[in-house]
Every structure is written in C-alpha cells, then in structure tokens.
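Heads up, the next two complexes both have chain A, just with different partners, chain B and then chain C.
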Partner chain A sequence: MPENPTRPDTATYLTARGFCLTSAAWMMLATLVGFTAAIELVAPDLTGNISWLLFSRLRPMHVNLVLFGFATPALLACAFYMVPRLLRTGLYSERLGVITVVLWNIALVALVITLALGVTQGREYAEMIWPIDVGIVVAFSLIFFNFMMTVKNRKEKILYVSVWYVLAGTILTACTYSLGNVIWQPDSGALVGIPDAILLWFYGHNVFGLLLTPFSAAIAYYIIPQVCRTPLYSHTLSLLGFWALIVIYTHIGTHHLLQVPVPTWLKVVAIVDSIAMVIPVMAFLINIWYTARGKLGLISEDIGGKFVFTGTIMYFIVSIRGSMMALPDVQRVTHFSHWVVGHAHVGVLGFAGMIALGGVYFILPRITGKPLYSQFLANFQYWMILIGVVGFTIVLTISGLIQGNAWLNGETVYRVLPQIHIYNIVRASLGLLIFLAAVSGFYNIFRSLISNPGETS
Partner chain B sequence: MKMTPAAIVAGSLLILISVVLVVIVLPYANTSKTLPSDLFRSRTAMEEKGRALYVSNGCVYCHTQSIRSIDWGLGAERLAQAGDYLKDYPILLGSQRTGPDLSQQGGEHPDDWHQAHFTNPRYTRPLSIMPPFEFLKQANLDLLIHYTQSLGLKNADLRMERQTLWKKRSVNAYEAGVNENVAWIHDNVPQGWRDIPTPYPATEAGLARGEKIYQDFCFGCHGPVGDGMGPAQPYLYPPPLNFTILKGRGISGGIIYYQIMNGITGTAMPYFKRELESEKIWDVGNYIAKYFIDEIDANEEPKGIDASYEP
Partner chain C sequence: MYYPFFLAYILTGLIIGITVFVWALKTGQFSDQQRARFLALEETTPQAPSAKVGRDLYCVLYLGFAAVAASFVLVGYALFFR
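The block that comes next holds the complex of A and B.
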C-alpha cells in the first residue's frame, strides 16, 4: 500500500532527479522535431535540400526521441522514486542510477546524431545502430539490477502492484529490445524477408506494451490511491490486469501485418487477442476508476493526479481504438493512413506521456521537499497537451478516414493529397501547442529541481 | 496468489519465452522456407547500394512496398507474395502511404523522369509533398534511380525493356524534326481514337475544371503556357511536347485524350488513366486545345447520340 510520503527524508533521489531533467529536456527537442516534420508536410520545400532536416530523417528521430527521450525517462524517474518508497528502503545504489542516467543521455545524443546523418537500420522503432542498441540494453539491465537489489534489501514484505509492473516492464523490455533489434546481427539488426516483418512488429508492438504500458500502470496504481486518500479498489483486478497484459499484449504484434502475406493462423491469433486486450485494459481501468469513484474533486486539485487520471481516460480511448483497428474490416480503411498516426499520438502522448508527466509533477515536491516551482505552468502544460492531443486525435482520425476511404474507392494517393492538406495544417498548428507545453514544462521542472525559491516544507 | 519477486520475474519471462516460441519461432520455421515468387530475382550490387540509400534517407516512412488485395493504384495488378521479399534485408514493407506504394515502381517511368522528380518532386508532380533529394549528388541519385527501377524485380525488368525500346523510338522521332515527331505521335494513336472529336462542349465551367487538372498534373513538364518549358524540362529528353506548335497538324480531341490516358512510354509522359476519370481527361484536353493549341474540335460532328445534359 502506498504510504503518504509528504515528509522529505534523507534520500537524495539523484537518479529520479536526473531522469526528470532528462525527460523534460528531450521532450523539447522531440516535440520540436515533430513540429518541424509536420510543417514539412504542408511546405515540403521549407528546409530545401538540408539533408538532416529531411522529413524522412526527422520522422524516426521524433518517434525515437518521444519514446526513449521523453516518455521512458519520465516513467523511469517515477519508478526510481516509488520503488524504494514502496519497499520502505533506500535505492540500492544511487551511484549506479546516476551512471544509468548518464549512459541513457549518451545513447540519446548518439541517436539524434546518427539518425540526422541517415545512419539507420531502417526498421521502425528499431532504427538505432548496434552500439546504441547495446547501450540501451545495458541501461535496462543496470536498472533491473538496481531494482532487484532494492527489492532484496526491502523492509516491506508485500510487493505492491506498482513494483510488479516496474520489475516485469524492465526485464521484459531488455529482452524484447534485444530480440527485436536482432542484436546478434550487429551489421544489419534485421532478419531477411517476411520473418523480419514478423519480428519487427512483434517488437514494434511490445516496445510500447511492455515498456510504456506497465510503467504507466505502475504510476497510476501508485498515485491515484494516494491522491484519493483511499486504498486500491481490488487486489484481484490488479492480478488479473497484470498477468493478462503480459500474456495477451505480447503476441498480437502481427495485427500490423494483416494485409501482408504472413501465415493466416498468426493473423487469427493477433486479431482474436487484440480484442482480448479489453481484459487487461478494463481490469486496470476499472480498478483505477473505482478507486477514484467519488473522489474526482481531490484529483482535480492535484496536478499530478489530474495528469495521471486524464492519462487513464486516454488509455481507454487508445485501447478501444487499438482493438477496433485489429479487425480486418476496419483495417481495410485505416491501414497506412493518418488514423494510425492519431492512434500513436493518443497512446504515447495522451496515455503514457500524460501519466509520465503526472508522475513527474507528483514526485517533484516529494523529492525536493519544496512545492512545485509553478502550479500555473504545470496547469498550462496540462491544458496545452490535452487540447493538443485531443486535437491530434480528431484531426488525424478525420484525415485518416478521408485517405482510407478514398483509396478504397480507387483514388490514387496523389489525388487525395489536396483533400488532407487542411488537416495537415491543423496538425502542425497543434504541434506548436505541444512544443510550447514542452518548453514551459522544462522551465518548470528545471526551476523546481535546480533553483527552487520555495520554502522547504 | 503470492507475488514474490521470483514469481514476477520468472513468471513474466516464462510467458514471454512461450509467446516468442509461438509467434516468432514457429512462423519462422515455415516462412523461412518460402520459395521464390514468379517475379523474384536477386538485386545487382548497384541496386543494393541504391536500396541502402532508400533506407538511410527514410523513404520507407512514406512509401510502402506492400500491395494488398484492396489496392487500386500503382502496382495493383500484382498482389504481394511472400516469395517477393526473399532477399529483402531488412524488409521495407512500410507503415504509411504518404506517397504511393512502390512495389511495382520499376519501369513505370524512364530514368530522366526520376531525375527530375528526385531533384524536386514538384517538377513532375505539382501537388507532391515529398522532400527534394537534390542534395544526394548525381552519383547517389543514379544509384537511387537504379534501385527504384528495379522495384518489381523481373516485372520491372520487362517494363524497363519496354521503356528502353520506346525511348529509342521517341528520341529518333524527336530528333527527326517537328513534323516527323508530331506525325510519329499521331501514328501511334489507333485510328478510331484519331477520328473522334471531344464529345463534350468546351463550356466555361469545363475549361475551368480543365485548368485545375492541368495545374495539378501537367504544369510541371508542359509549363504554364503549354510550351513544354515547365520546371522539369531541363531534365527530360525528349523534352515535353510544346502544344503551341500543334495547330494545323491534324490534332483531335481523341488524340489528346488517348495520349493523356495511355501516356507515351519511353518519354516522361506518364499514363493518367489511374488518376483521372474520363470527364477530367476530356476537360483538360479541351483546355489544352482551346488555350495552347488554339484549335478545338469540342462538340463537333461526328457526335453520335446527343448527350442528355447538354443545354
């Protein structure tokens, strides 16, 4: 059971601080890159012939930076705070943690440079070349080791559900990352032909479902009961949600390949269990929402709780969308279109990103022992991101439906470009909101951590 | 259930291992034995180098190489088969169609069209939102074009043979002089088409629609005044046709329609039958005839049965 940790203690939380700053800083670059790429869809000659500003180089940079630069570090920051708290002990090694933060940032710098130069393995979410892959796997292994040793030294006998998710998320991601990046093939990081597609989408799916989802769930399980000042609704649902997620999420990656010549039985498995994803999703959401029942007033007063709770609503939307998209009849329209981009944004920014930021704002006062530098800026960021991500979802869903239905109806891709032009403009404008949110968030987090004028409570 | 650290870690790892066995290892066992498809061949060294450029410049983020049974556009004649991808390392199926699918792009256009297109995609396709790739420099552009022209493998080779054959013929005709060139173009239109005038009147609305089609599809090569001096012109040989010299040379609505519909293989003139429906082709034909050729046969005899919508 999460305790009520308003008192600062002797812990330094250096690792959590490091990951907070890492996330806040890279979120600015990640969103700036996404914003620039969105403008290029409207004005393709804007950056002329500058190779490293090419849309096709910015796009993988944006995706990888959002995933590994913004979302994951923020989620890790919360994990490095909450795991020791939940186990009533200190982190096994802050020093090792800080080394991990440094290693992580080196990997991110290398990621940006290589992708800008076009040094890529060309597989979605697995673009990074081998040395960076190794760096990331080592980082995950160090994190897992640090957590496991903390678990070993724990003073609290019972492991709370957040700890399950953090442990499983860390070790499973280390495994699927190595597997998906074909780490035993340093030159290419790929298999050949159709097996490569199957492996790639197994990974491309699980890098979200075994990294962002478990960590986000862990944070929601940790924060919502505290903000609501009430115990978690159900232990049984926690168990069901946890195991069902790992069993079901892991083998539905082939729903990305329903229209590709891969074995039919594999598609059937992917479709059926994409629908079965409703089980872990609703087990988690019912648990959280029932915990929060009647307590929305408390949630709206806590900026961390507000972000996290909104994130759970986004999780509902993205999951229902995800299950729907796995239906072959739906996918006939949605596949290859902006609909999928909308899905990605509501998932990574709306769900994982909102919960990650909520986690950061929740732990910042508890790490520093001082109030947040600015409640206003945090609220500003909340609304900018909420408007941005809801806008993305609407705009990209509409333009995805326009594309998909036009193609299905026999129009060529070229003919549909003018029809989605206006939506691309709105999309880019919304990107500006997200970028501004990232900048204000960085300033707020930086000031909260580094030069916080607030009184120590 | 007691959630001990061992139960969590070992349990989730065991689940992952069994899932990997089912969804990765098992399919690998049969997909790795896929036989070559009818169009499969290995790529040449130059084509592989071009493919590496395709990877490093992120072409895969906007172009799929995965034709589905529901597709209509380029390449739709040939549904993707597992045996097409045997040497794709990594496979480049793509996940977005910001641009067209390229599975069967090889031989769709001659090399010079690609040269203009990579230099700036809007030279050949005015509405394109693809970035310009001029920075690649000529040697790399050549490699990229080589790879592009191999897409579709054996089918691409057949189409490339056709491009080479007709390139030679079209260059010969162009170099023989204007009269010979125009005669050659007309001679390649079946007689039935040559004889028919545009069946629709060149109304103000129809000409306005034709102008829009012209600007969206034709402008890049044939230029704003139809003299063949569009921005793509310096890259193309034979150069785009100058419409303004066609007056009095036996042009007809049917000839214009046929050439737009079918294209002129070997030259940069693509076929537009996939992109433009019948009325759009007649409208743009009228627009070209009226404003650039200054000789229009719209709505002349023989007309056949009067169209019901005419005023």
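The block that comes next holds the complex of A and C.
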C-alpha cells in the first residue's frame, strides 16, 4: 500500500536521505582509492607487495566505487525526491526504498572486500562476482518497482521528461547489467571469445549511457527550471532527445573494439551512431541552455544549480570528445592511452558527478526543511572538483597524445614513461584535491542531514 | 551459441520500446506540451544564510595545508627517492 498517497509534503524522504549519505561516504573511499592508484603510477614500489594495494586491485575498486558508490546513489537520492514531486503523489513505499539502500550498501561492502582480495571476474566494469551482480540487479528491480507503483498512483497525468529518464535508466540498467555480466553463467560471468567482447562493451558503454546519462539529464531538467524560475524551453524537444537517446545510445558500445576482429557492419553501426549522438546531446543542451538564457546570475547564487549547470558544460565537452574518439583515424592515436582516462573523468566526475552533487545540494534543504549546513564548504567542494576535473582533462589529454603518438611511431615503452612522468605527478596531486573535496562534502552532507543547527523553515 | 540470447534481447527491447511509445501516444503524453513545460516548477525553499563559516574556514585551511604538505611529500618522493 502506498504510505503517502496524496501528500508529498508529509513524506520523510528517508530513501533520499539514505542515498545522499551513501554517496557522500563512499565518495571518500572511491577517491582515496583513485588517489592511491594515481600515486602508484608515479611511484610503483610505494606500497611494496601488499596484495590488496596493488594497482590491479585498486583500479577496478576505484572504477566500481565511483560508479556504484558515489555517482549512482547520489543520482538515485535526487530521483527518490524528484519523482514523487513531479507526479504530485507520495513515494509508493519508503520502507522498500530504505531496504534498497541497505541492500545497496551491503553490495558495496562486498564489492570492496572481494576486489581487495582479488576475487574478480576480470572483465572491465564487470569485475564483480555473481552474488554481488545479483544484489545490484535486485536493487535496481526494487527501485523500478517502487517508481512504477508511484507512477501508477500519480495525480499528474503527464509524465515530465525527468520521470521518463529515471524510469528508463532504472529498468534499462537492470536489463543491461544482467546481460553484460552474463548473469546466467555464475562461474565465469562471461561468454567466450569475440561475442564476449561485444557483449562486454555493449554493457561497458551502456552502464554509463543508460544509467548516468539519463539520471543526470533527468536532474538537470528538474533543477535548472526551478533555479532559473522559468519553465523549460521546450518539453517536446526534451522528449525528442529522450527517445533519440534510447534509440541511438544502445548501439555504440562496439566503438571500443575497432581494432578487434568483430563484424565490420557492427563497427560501422557503432561509429555512425556515435556521431549521431550529437542529436540527443544537443537536444538536451539546447533545451537546458535556452532555459538558463539570461539567468546565469540566479544559477551562480544556487550551489545546486551551479553544480548542475557546470555539469551540462562538461557534458558538451565529453560528448564532443566521445564522438571524435569513435572515428578510426582519431582512435588510432587515442586508444589505450591516457586520453581515454581523461575522457572518462570528464564524463563520470565532470558531467554525472557534478550533476549528482548538484542534485544532492539542491534537495538537502528541501528534504530536511533546514538550510544547507555550510554553503562555504559546498562552494569549496565545487571549486576543488572543478579545478581537479579540468586539470585531469588537460594533463591526461597531453600525456595520452604523447603515449598514442609514441605507440604509433613504434617507440618503446621505457622511453615513453619518463616523458609522461611529470603528468602522472600532476594527476596524483589533482587526485588529492578530489579526495579532499569528498571529505569536506561528506562532512557538509552529514551535518546537513544529522545535527544541523539551522532553523527549520 | 550466443545468437539466440542476442536476438531475444533485441526483440524484447524492441517490443517493450514500441509498446511504451504506443502507450504514451494513446494516453496523451505528447499532447499539452505547453503545460508540461511548467511541471518542474514548484514552490522554492528559501535559502537562509548557513551556519558557522568561521569553524569551516579552519577546517578548510587545515585540509588545504594537509594537501600542500602531502603534495610536497609526493613530489619529493617521486623526484628524489624513486
């Protein structure tokens, strides 16, 4: 039975609170692990032979914790606040939501322990073993069920574009995750040979494109009009962007495999649709930027809006880079180099991470009824992350081009490593900024949710 | 033998996608788009000035100092001891 069928104002937002805290806490560990891994690129012998601190274990831990520990829970927190409000009803079940938060955190603890112990399925972005895979799929299924029942109980007939994005992101991730992790084969979690590569990168790209992108777009579509105090520029255009994303994004994973003997037609589809991504991307950006036109003053005054709007600029950068990187001539230089790592950081931290944090800071005063504990700390976090992610982009792009050109020219690795050494040092230093931003963010979010001295509005 | 799985997935996706699109069309999700533009707008929570900037400032200064110190250690190690 719905617990708050008609009065969203009485909702306690326990699920949103739980996911806010989950994201803030795991962001600290995720960034600490990334920072440690970056140090190991500078000083490979730093941690000696401590097995759980080896780069090969830290790297998947960092990637999975950023994805499932930091970004996704923050996006889910916003979704659990936003969906009931847009549907003018209460969440179907806060109890079920809280159960999901608990299940999510159990999966994350298991993720850290197993990857630290080297228990892995060894497929990029799909390293987790079968029981954790099942936990994540069950969590997404419960979330989808909760949202669908909320939609069923809605008082608003029209589904705003954010609701479309959230529903699609939730169910598509549950399906893609099951398929990509070959969940019907618990022992290996893999197929054999080329089909496995195709499947893995179908999943590998979609776990960003059908999880982080739709949720981030949903939050931007919800927050920017509110911060700007103006209606969305065009709801029709937003729906066009939504359906274009659903149709196009699912085809592009094979652009990770252009140097691999997969069928040529599949490569062509992947490249063409990678370029065609300009349609949903620009539909989204034109809509958001036209909504914000002449309102940048209002955005700069709202810390949530500032994070989100910056995230949309990063989305432009990462999308242009992404489309370019799918071109074989460009990829001949950039593939398997730091360029790709830079691209990933702009996408996950600059775009989805920024919007996720913006969403959290936007909803915190609304779910607690009190002002944010510290605007100052939130602004501090904003600048640390902005400096960090722009710095990452610059140094990783430069070192990626050095690596790519060296490889193209047949240079040996030991002659290239000294050339990129200084960039690795800067990269690790920037990683420290991000970690400190995560610590200050956790303190601010924790105090905003618990023992906030501000007056209730 | 992976084709059946791939085909089943593609077909399932197509069927669900088309079904949802037709449902949206029939229930008027693409009509009244002018009103839909306003759906995100709702009452705004006033932003009161936040508490205790002074203590936070010490906290941030401490973190900044720790960051600079750690960076020096890192760069020093990388340059002189590796």
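Assume the second predicted complex is superposed on the first by the 449 of 457 C-alpha atoms of A that agree within 3 Å, B and C clash if a C-alpha of one lies under 4 Å from a C-alpha of the other, contacts with A are read in each partner's own complex, and residues count from 1 in each chain.
We adopt the following convention: a residue touches a chain if its C-beta (ideal position, glycine included) is under 8 Å from a C-beta of that chain, and two chains touch if they have at least 3 such contacts.
For clarity, every value in this text was computed on a predicted model and none was experimentally measured.
On the shared subunit chain A, the superposed partners chain B and chain C overlap sterically.
For chain A, the partner that touches more of its residues is B, with chain B and chain C as the two candidates. By the touch criterion defined above, A:A197 lies against chain B but remains apart from chain C after alignment on the C-alpha atoms of chain A.
By the document's definition of touching, of the two partners only chain B reaches A:L41; chain C does not.
Of the two partner chains placed around the shared chain by superposition, chain B is the only one that A:P263 touches, whereas chain C remains out of contact. Within the superposed three-chain model, A:R332 lies in touch with chain B and out of touch with chain C [touch as defined at top]. When both complexes are overlaid on chain A, the residue A:R415 reaches chain B alone and has no touch with chain C.
Touch criterion met: A:Q403 reaches chain B, while chain C stays clear of it. In the superposed model, A:L179 makes contact with both chain B and chain C. Of the two partner chains placed around the shared chain by superposition, neither chain B nor chain C is touched by A:F392.
Once the two complexes are overlaid on the shared chain, A:S188 sits against chain B while remaining clear of chain C. Clashing C-alpha atoms with chain C appear in just one stretch of chain B from the list 2-10, 110-118 or 236-244: 2-10. Across the two superposed structures, the residue set of chain A contacted by chain B and also by chain C is 42, 45, 159, 161, 175, 179, 191, 195, 199, 239, 243, 246, 250. Listing the residues of chain B that touch chain A in their complex gives 1, 3-5, 8-9, 11-13, 15-16, 19-20, 22-24, 27-28, 30-32, 34, 55-62, 64, 66, 68-74, 80-82, 85-101, 120-122, 125, 127-135, 216, 274-275. Chain A meets chain C in the complex at residues 39, 42-43, 45-46, 85-86, 156-162, 175, 179, 191, 195, 199, 221-223, 225-226, 229-236, 239, 243, 246, 250, 301-302, 365-366, 369, 371-377, 380, 421, 425, 428-429, 432-433, 436, 439-440, 443, 452-455, 457. Remark: chain C residues 2, 5-6, 9, 12-13, 17, 21, 24, 27-30, 32-42, 44-53, 56-57, 59-60, 63-64, 66-67, 70-71, 74-75, 77-78, 81-82 touch chain A in the complex. Chain A meets chain B in the complex at residues 40-42, 44-45, 47-51, 54-57, 59-60, 118-124, 148, 151-152, 159, 161, 163-164, 167-168, 171-172, 175-176, 179, 188-200, 202, 239, 243, 246-247, 250-251, 253-254, 256-257, 259-263, 266, 269, 332, 335-337, 340-341, 403, 407-408, 410-415, 417-418, 424.
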